[in-house]
Structure formats: C-alpha cells, structure tokens
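There are two complexes below, and they share chain A, which is joined by chain B in the first and by chain C in the second.
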Partner chain A sequence: MQSYVSIENLSKSFGFFTAVDDVSIGIGRGEFFSLLGPSGCGKSTLLRMIAGFETPTSGAVRLDGEEVTDVPAHRRPTNMMFQSYALFPHLTVGKNIAFGLEQDRLARAEIRQRVSEVAEKLQLTALLDRKPQQLSGGQRQRVALARALVKRPKVLLLDEPLGALDKNLRTETQHELVRLQRELGLTFIIVTHDQHEAMTVSSRIAIMQQGKVLQIGSPAEVYETPVSRYVAKFLGEANVFEGGATRRSGNELAVESAEAGGSVVAAAADHVSTNGRFWVSVRPERVELTKQGSGLEGVIEQFSYAGSGRHYRVRLKSGATLDALRVNLGAEDDLSIGDTVFASWMPQAARLLAD
Partner chain B sequence: MQSKPDLGRRALVFVPYGWLAVFFLMPFLLVLAISLSSVRLGMPPYEPLYEWQGSLLSIRLNLENFIFVLSENTYLLAYLTSLKVAAISTALMLAIAYPLAYGIASCAPQTRSVLIFLVIVPFWSSMLIRVYAWMSILRNDGLLNSLLLNLGVISEPLRIMNTETAIYIGIVYTYLPFMVLPIYANLSASDRTLIEAARDLGCSRLAAFWRVTFPLSLRSVAAGSALVFIPVIGEFVVPDLLGGADTQMIGRTIWMEFFNNRDWPVASAVTVLLLIILVIPIVLFQTRLSRTTK
Partner chain C sequence: MPQPSWFNRLSIFAGLAFLYLPIVVLVVYSFNASRLVTVWGGFSTQWYTAAISNQSIVEGAKISFLVAAISATFATVLGSLAAIVAVRIRRFRGHHIFNGMLVAPMVMPEVVMGVSMLLMFVTLGIDRGPVTITLAHATFTMCFAAVVMQSRLVELDPSLEEAARDLGCPPFMAFMKVAVPTMAPAFVSAWLLSFTLSLDDLVISSFTTGPGASTLPMKIYSQIKFGVTPEVNAISTIILGVVVFGLVASRIVSRPSTKSSLAV
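And now, the complex of A and B:
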C-alpha cells in the first residue's frame, strides 16, 4: 500500500551531530501519527523536514505520492502548529487566521467565510477582533490551530502543541484534537515527549531515540509488545530482569533470573533467542502481591497512594527492586511498609526482550 | 512592608524628572522669559520683565519679538529649510540604516557584536573632529576630488563643499548610529518562529518580511526617526562647517541672533517657536502610539 506521507531513509546532520539517522516511516491518510521521544531525539527536526524548514542531508519526503524533499516550506501542502504558537502580535485573531488565505490571494468573501467557519468550530467567534496578547493560553492554542487548519492542509504538523497548557486543559484539548481530526479526516503528525499524550491521541506512534526510530505501532502494540528495554521503560513503567536458564512447559517458560533471585514465568516466545542475553519485562499493574504463596519474595519498602491506584516498591531478596500497582477498586489495603510479600504474574503478562 | 520598595521606585523615577526640571524646564522658562522682553544695551542685553515701583509690581510682557519672527520671511524660510533638511536626511538614514541593521541582525551572534561595535566606534572621537575630517575629504582640493581626478573619473573637481549635499553627507554620517541602534535592537530580538509561521502559511521570504518583520519593526523605525529628526532640525555644527551661505537652518539663525546681532529676545522667540513646532507633532505621535498599543 502506498503511504500518504512517506519518509524514506531520511537523515539530517548538523556538523558532526546526526539529529536524524536514516529514518523511514510510512503514514497513512487520515492517521493521527505521533513522533515520541525524549528531548534531543530528533523528533522535532524530523517534523521540520516534513514541513520544509530543514533540508535533509539525505533521503526523501513524499506527500500524497509527490516528492517534496526540495520544495520550500511555503509551497508545501502542509501546515504547522508551532510549540510557541507563533501568533502574529500585530494582527487581530481574525487577521491571524486569515493570514495564509490572504497570501494565497483568495477572494475576500471566501476568506471571510472560511475564517468564520473555522472560528465557529474552535469557539473563537467572539475573539476575532482581539489581539493575541489579550488571550489566555488555551485561546491562543486554538487560534494557532485555526490558523493552520483554515488552509486545509493535506497534513497538519503539530510541534508539542499542548506543552504550554496546564494538565486539566491539556487532557481536554487532547480529546478535542482527536475529535477535530476525525471530523475533518485530516492527517495529523504530532511531536511530543509525553508518552501519555501520544497514547491518548494517536492511531500509531513512532518511538525515537538518538535520531533513530526504535519502534512503530499502535499505542497498544508498543505498550504490550515493546521491542526493547528502552521502549518498555519509556512507555510507562516496567520491571525488567535479566534472564538465565529457561525451562519450557507448553506455552510457558520458566526463566531463572539471578537478578530477580528466583524463577520467573513468561509466555513462550519463538522470536527471542534464549541463548544469548535476554530480559524479562513485566508491567507493575500485572504484578500480583500476596502475603502468602509462591513467587519472588521481598519486603515492601515504599508505598504511595495515587488515588486511582496504590503503588508499592518491593525490595526483593536478590537486592533488586520491583514495582507493583494495585488498581483502587475500593477494597481495604491489607499491605503496609515492612510486610513480607510474594510477587507473581501470569506468564502472558511478561515479555521476553532481546535488547 | 510593600510600601518600601515602592518608595525606592518613586525616588528612582524622580531622578530623571528632577534632572529634566533643573536642566531643561528651568532654562526653557528663562528663555521664554527673555523672549517676552525687549532688547537693550548692557548686561544682560534685555530689559527685566518686572519692576517694583514702590509697592506697585509692574510686569511687562512684550509679544513684539514673536510678531517680528512670524512676519519676517527669513525666519519662516529657515524653519522650512530645517524641516526639509531634517526630513530628507531622516529618509536617507532610514534607507541606509534599515538594511544595515537587518544585515547585522541576521549575522551569527559573535559577528553581530563586532559589527555593532563598529557602528558605535566613531562616537569615540569628537564629533567636531569628524566633521573637520569631512571638510578635508569634500574640499575642492580634498581627498575625494584628488582621488577621482587621479583616477580620471572627472576632469574638474566636484563642488560638494559648502553645498546642501555636503550638509546631507555630514548629517547622515553623524546621526546614522542613532537610527541603526533602535532598529537593530528590535530586529535582533524579533522572534524567528514568526517568520517560519509566515513561510509555513505560504509567504516567500520577501512576503514574510513585508507582512511580519517590517510591521513589527515600525515602532523602532519611529523611535529611530524621532531620535535623528529632532536634533537635526536644530543642528548647528554641520551646516555651519560644511554648508554654504545659501542654506540657512534654524540653528544658525539662532546663533547669529545671539552672537552677531546680540538680540537675545528675538533669538529666544525663535527658540520657543522651534520648540512648539517640534513638541506638537511629537505629542500627537505619542498619543496615537499609546492608543494603538491599547
């Protein structure tokens, strides 16, 4: 299948520093695609190459089948929403939104109509005569979005679009973005360092580190089946133990782990060789803590109450720590700091990692 | 608790106001008083404004100086010449300073500070010396003419010295940094992502400049223009040393009234009128500016 946005072996170096290193991604039409990674991983540079602000050192960018690698930013069918919003301070909200349409020399009547349409969609109608500095952060964010959307780009690029908003507004705006994207049927590419945000809004996520893409997949795929320890730990919490000898029984593996101080179970996976170095990864919410029974023995060292759940840190006999999360279903807490507990999990809850 | 820093801040504000009151308002009031007096021989060369005759205080305000200045064409002409020279040299400086400031602002930060330093360096020597240097460049047998004659570009020396051209050269040279600095300060602090946003919305480099960079720098253009326009109107040294007798600017007029004619009241009247001519447009401009910012 031909991708709508196709990034082919794209690299970008600044002097000796390679910001983006041989990245290839195919993005389908109407996707909400996230580039996720820590700061300095090259995600913004990648987005800027799609927008046309950076010239790739090598590789190609195709939009809707057309190569745009050398097309300057102002001739690309993409629009960008900037992290700082970059609203023009000398123009009113209405003029900001109309800016791109005026540049395209559309008829006045059409400009007016399209501006009022998008203003209504984003609840900006009452603010059209204000200047950007008279707006709240959330309103500015909507103006920036309106200014980009009104041009009806083939692809909307969003560079950390919600970074400047407070937490409650951010959550609300995430849902708003998803709703808009569905309604308009546009292709969105968003850059974020917030894994929670990426999971909430995206159809697929590319996880980047040091200029390379580590994994691409739906939020569930990257969370449930991370390809490496790095991805597992970047997307939420993970307990990772180095594996040793294995015993197979049916679909289950029993893995001896010196790090965990005993035998841990995992579902049998064919693709990871258990001959070399490998790791067993398990999410805290899949770990079950019991006062009696079997599993890894340890002592509760820390406890924190997070409302929706209770978080325990267990010091295992081997000296390693293990995190466990109990979802708060209203039951009384029977564990406290200093208790001896046994940690165990279902085989399919754990995953074998080769890296 | 909070009133203390407030008091300090108020005291700080008082410093410039106090300075202005002592060194600007008081002298101006003195000049205003002299302009309402009439000339006499002796020291000071004007009649006192008030006299005590027993218990009777008699104040005489003489408006004749103003009537005289306003009715004489020489003064009107000098005002108009000053306004014209100031307007044209402001426009010339703008045409030179804007591209210069833009060029410097688009350099790498280290290069910028060197280039701005070079713009300021001429201030380190006396203005008078620099204007004299221009005399030896522009004279009929000066550096410029000898160079052009030797190169064979011209066969007769160009007459630049003692013309209006020489005044423009001198004024533009002397005042240019005052135009460059505010514009540079604005452009170098401008937000680059605004240009990217304009480009992203379909602007070519040139269109992005005209629709975003330029309108956002207008305030600094206005500041720079005011900074050069106002002193150039009253400029005395450059027209006196480089200009000819046919370009009579208001600065020289005032000087001649004071020192040649020893007519202090008329000289003061010319000064007061000049101030009124300058202050009214500035006040109008300021109120307009503060209204647009609101």
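And now, the complex of A and C:
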C-alpha cells in the first residue's frame, strides 16, 4: 500500500542525545494516527520533523508521494495545532484564522468566506472580533484548530492538543475531533502521552519509547496483542509473570512461573517454541477471582471502588501481587480484604510475551 | 494579614522620609515666593515662569530632550538586537562573556565610562558636542534597554513564530509579523527607560560635551555653583515630573497583559 505520509528511517540527534532513532511509519490517507509515549520519548520531535521545524539527522519524510525532508515549514502542506495553541495575542480571532490565508495571498472575498465557513463549523462565529486573551481555554483550543484547518492542509498535526483542558471538556473535544476528521476526510497525526486519548480517537497508534517505535497497530491490536511487557503495561494495566514454558496442549501453553507461584496458562501460536523465558501478561479485567476452586492462591490486600468496577489487589502466595478488576454489573460484592481467593483466567485471555 | 507593629510603622516612615524628604522639600520650595531658598514666603509660580523664560535653561532643555530622544532610539534598537542574540541564539561560543559584558556597564563607574569615551572621541578626532553626547548616552543606556527586552523576550512563546511559519510565513517575516507586535510594549518600555536615564545624566555628558553643548543637568549644576536659587528648584521639579512620568509609563506599558478571567 502506498502511504500518504511516509516516514522513512528518520533519526534526529541533539548532540549526543538521540531523540528519534531510525523510525519508519507509513500513514494512510484519511487516517487518525497517534504517536503515543511518555514524555521525552521523541514523539514531539518526530511531529516537528513532519511539520518542518526540525531537520532530520538522517532519513526522509514523504507527503503524498513527494519528498519534503528539506522543505522549510512555511512551504509544507501541513499545518500544526500547538500545545500552547500559540494564538497571536495582538490579532483578533478572525485575523488569527485568516493569517494563513493572507500568507497565501488569496483574494479578500475568498479569505472572508473560508474564515466564516470554518468559524461556523467550530462555533466561533460570535467570537471573531474578540482577542485571544478574552477567550476560555476551550474556545482558544477551537480557534487554534480553526486556524490550522482553514488552510486545508494535506496533514493536520496536533501536538498534545487537549493537554490544557479539564477532563469533561477533554472527552467532549476528543469526540469532536473524531467527528471533524471524518467529516473533512483529512489525515490527522496527533501526539499524546494519554493512552486513553490515543485509544479513543485513533485509527492506529504508534507506541514510542526512547526514540524508537515499539509497536504500530489499531487500538484493539496494541491492547490485545502487545509485543512486549513495556507496551502491555503502558497501555492499560497488566499483570505480568515471568516463567519458562513447560507443556503444550493444543493451542495452550502452560508456563511454570516461580513469580506467580505455580503454572499459568496462555494461548500460544504453533510457532512458539516450548523452551526459553517467557512473560505471561493478563489484563486485570480478564482475571476471575473465586473463593473456592483452582488457580493461583492469594489473599486480598487492597480494594478500591471505582464506580464502573471494583479493583482488587491480591497478594499471591509467591509474594507477587496480582490486580483484578470486576466490572460493576450491579451484583453484590462477595469479596473483602483478607479473604483467600483463587485467581484464574481463560488461556486466550493471556498473552505470551518474549520480551 | 498581621497588623504591622509600631516598630515596622516607624521604620517604614523613617525610611521613606530619608529617601523622599529632600525631594519633597525641593518641590515645596519651588513654589516659594521668597528669593531666599530656606525661608517660606508664600505660594508662587514665579520661578517656573522665570525658568522657562531663561534662554540658557531653555537651550539646555532642548539639547537634553533631543539627545535623550535620539540616544534612546539607538539604545532600543541596539539593546533589542543584543537581547535577541542573548535569548534566541543562547548557546553560542562565549555566550557567558557576552551576557556579562551586556550588563557590565550598568555597574561600571560613570566616571570611568566618561573618561574612556572622551579618550575615544579625542583619539578618533571627533569634534565634541551634542553628537558625542548622544553616542555616549546610547552606549550606556543600551544595556538597560537590553535587559528590559531580554526579560520580555524570554517570556515570548517561541511557538508563536513557529505557528506563523507553519501558516506560510518565512522565518524573518514571522518574526516581524508576530514577535515584533507582541513585543511592542517592551520596545516602548525600553525606550522610555533609556530616555529617562539619558535625560538626567550629568557625569557622562560632562565628559563628552564640547563648547556650546550643555545639557539641562549641566546648566543646573553650573548654576548651583553660584548658590541654589528657587529657579533651580523649579527646573528640577519639572525634570522630576518628566522622569516620574517616564518611569511610570514604562512600568504600565511593560506590565504583562493581564490574563482575562472574564471569559467562560
């Protein structure tokens, strides 16, 4: 598949520090793509190289088949929404939005028409004569978005665009972004450190750590089949137990784990060999806790009520901890702190990791 | 908030009196009807009339204001360039020395600066007069202008210019269209500060002046040699007024724009 945005072996070093290390990503037309990682993982630097603010040390960036690696920011068909919004404080909202079109020397009438179009789409029509200082955080965010969108970029880049908003507005704005992106059919690349945000908005996610891409996939792919312990733990919660594989029966592999204090099961494809070290990763919501039965034995040590679910932390006999989440379906809670419980899960609920 | 103790009140009062009593006396006696400086003879504005009809004083004031305006303009331009280098380029070879040298003239003895500038003008064979005073003032006020600009430039969000570039503006135009307008209050503030400093300078002016070019402070100083007259009080009060206006205006203009909480 020919990628619309193609990042090829891109690296960026600042002195001895390598911010982005040999990254290759292909992004399709109309995708909502997330670069996800902790702060300092190089995701922002990568975005800034796509925008043209940083010159790559090596590698290439292609947009719509054209190499733009050495094209300066002001001549790239990309537009960026900045984390700080970077609204021009001396200009009104209308002038802010028109700024990019004025640079292109478009006719006055066209500028006016396009500004009012985008203002209407983002509910800014009433605010066009205000100065940025007179706006709320959410309004500023919409102006920043309008200013970038009005240029009809091939790719819209968003650098932590919702970081400054409070939680409710954030969730609402995430849905709004997805709606806009579908409506306009544009390609969005968003940088975020919020895994929940990345999962909510994106068609695909690239998980980054220390300048490298660890995994690329749809939200479901990266959550269900993480490639490493790091990815499993970064995206949501995961119980990870180290061990060596012993028996295979069909598609199931029993892993003898001293850490878990027993044998844990995981689904394994045929090609997985039955020796070597493995890690078994299980999501808390897939763990079943019972008062009697089989499984890993332990004692409930902590409990927290989170509304939509109940969190239990179980101290296993081996000394390791295990987190379990029971979705709140309205049933009475029969477990309390100090109870002895048995933890088990379906083999296909666990993921076998080699790293 | 705790109430200040009597000791606090007293020390504040004593401190303020120490600083401002002489100035209050000066202002009050500038409205004195009596010719004797230390004897109150009723309210009058006659000395103001006398001062502004004194040809020599008016001549000095003209030179002073002209020198201050021109040197402040030079100082603001040069100081801004220095601030841009110090803030934007930051990590160049010798940036520590550059930053140090930028602010050193603020604490350098004025006499030393005066002598060195006089020597330079003599060496270069430049005739001394209003031009040399202007050059000297631009030099010593430049570092103050640079410090004002530097402090505002540090606060300027670098992504503003990036946003302008991103929207299709070449780098230099992005600076002119976005950074410069945003910095406008700082330019005014730096200019007013330089103007004020130049207006009341005596030492450096004395060293770099030539025949027929006496600034207002120099005129006053030479008049004082023959005794303090109420006329001098009146002129000093006028200068004080201009300086206070300049400083207050500079502070108001440079105050960072208040974040409006009026929006919802």
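Observations on the structure shown:
Convention: the second predicted complex is superposed on the first by the 349 of 355 C-alpha atoms of A that agree within 3 Å, B and C clash if a C-alpha of one lies under 4 Å from a C-alpha of the other, contacts with A are read in each partner's own complex, and residues count from 1 in each chain.
The rule is short, and it goes like this: contacts are C-beta pairs under 8 Å (C-beta built on N, C-alpha and C of every residue); 3 or more make two chains touch, one makes a residue touch a chain.
Since we're looking at a predicted model, the values are computed, not measured.
In this superposed model built on chain A, chain B and chain C take up the same space, so to speak, and clash.
In the superposition on chain A, A:Phe303 makes contact with neither chain B nor chain C.
By the document's definition of touching, neither partner reaches A:Phe342: not chain B, not chain C. Taking chain B and chain C in turn and counting the residues of chain A each one touches, the greater count comes from C.
In the superposed pair of complexes, A:His74 makes contact with chain B and with chain C alike. Of the two partner chains placed around the shared chain by superposition, chain C is the only one that A:Leu135 touches, whereas chain B remains out of contact. Note: residues 51, 53, 72-74, 78-80, 82, 84, 86-90, 99-100, 103-104, 147-148, 151 of chain A belong to the chain B contact set and to the chain C contact set alike, using the contact criterion stated above.
Across the complex, chain B meets chain A through its residues 191, 193-194, 196-204, 207, 211-212, 215-216.
The part of chain C that touches chain A in the complex is made up of residues 157, 159-160, 162-171, 174, 178, 181-182, 184, 257, 259-260, 262-264.
Taken in their complex, chain A has these residues touching chain C: 51-53, 72-75, 78-80, 82-84, 86-90, 99-100, 103-104, 133-136, 139, 147-148, 151.
Remark: chain A residues 51, 53, 72-74, 78-80, 82, 84, 86-90, 99-100, 103-104, 147-148, 151 touch chain B in the complex.
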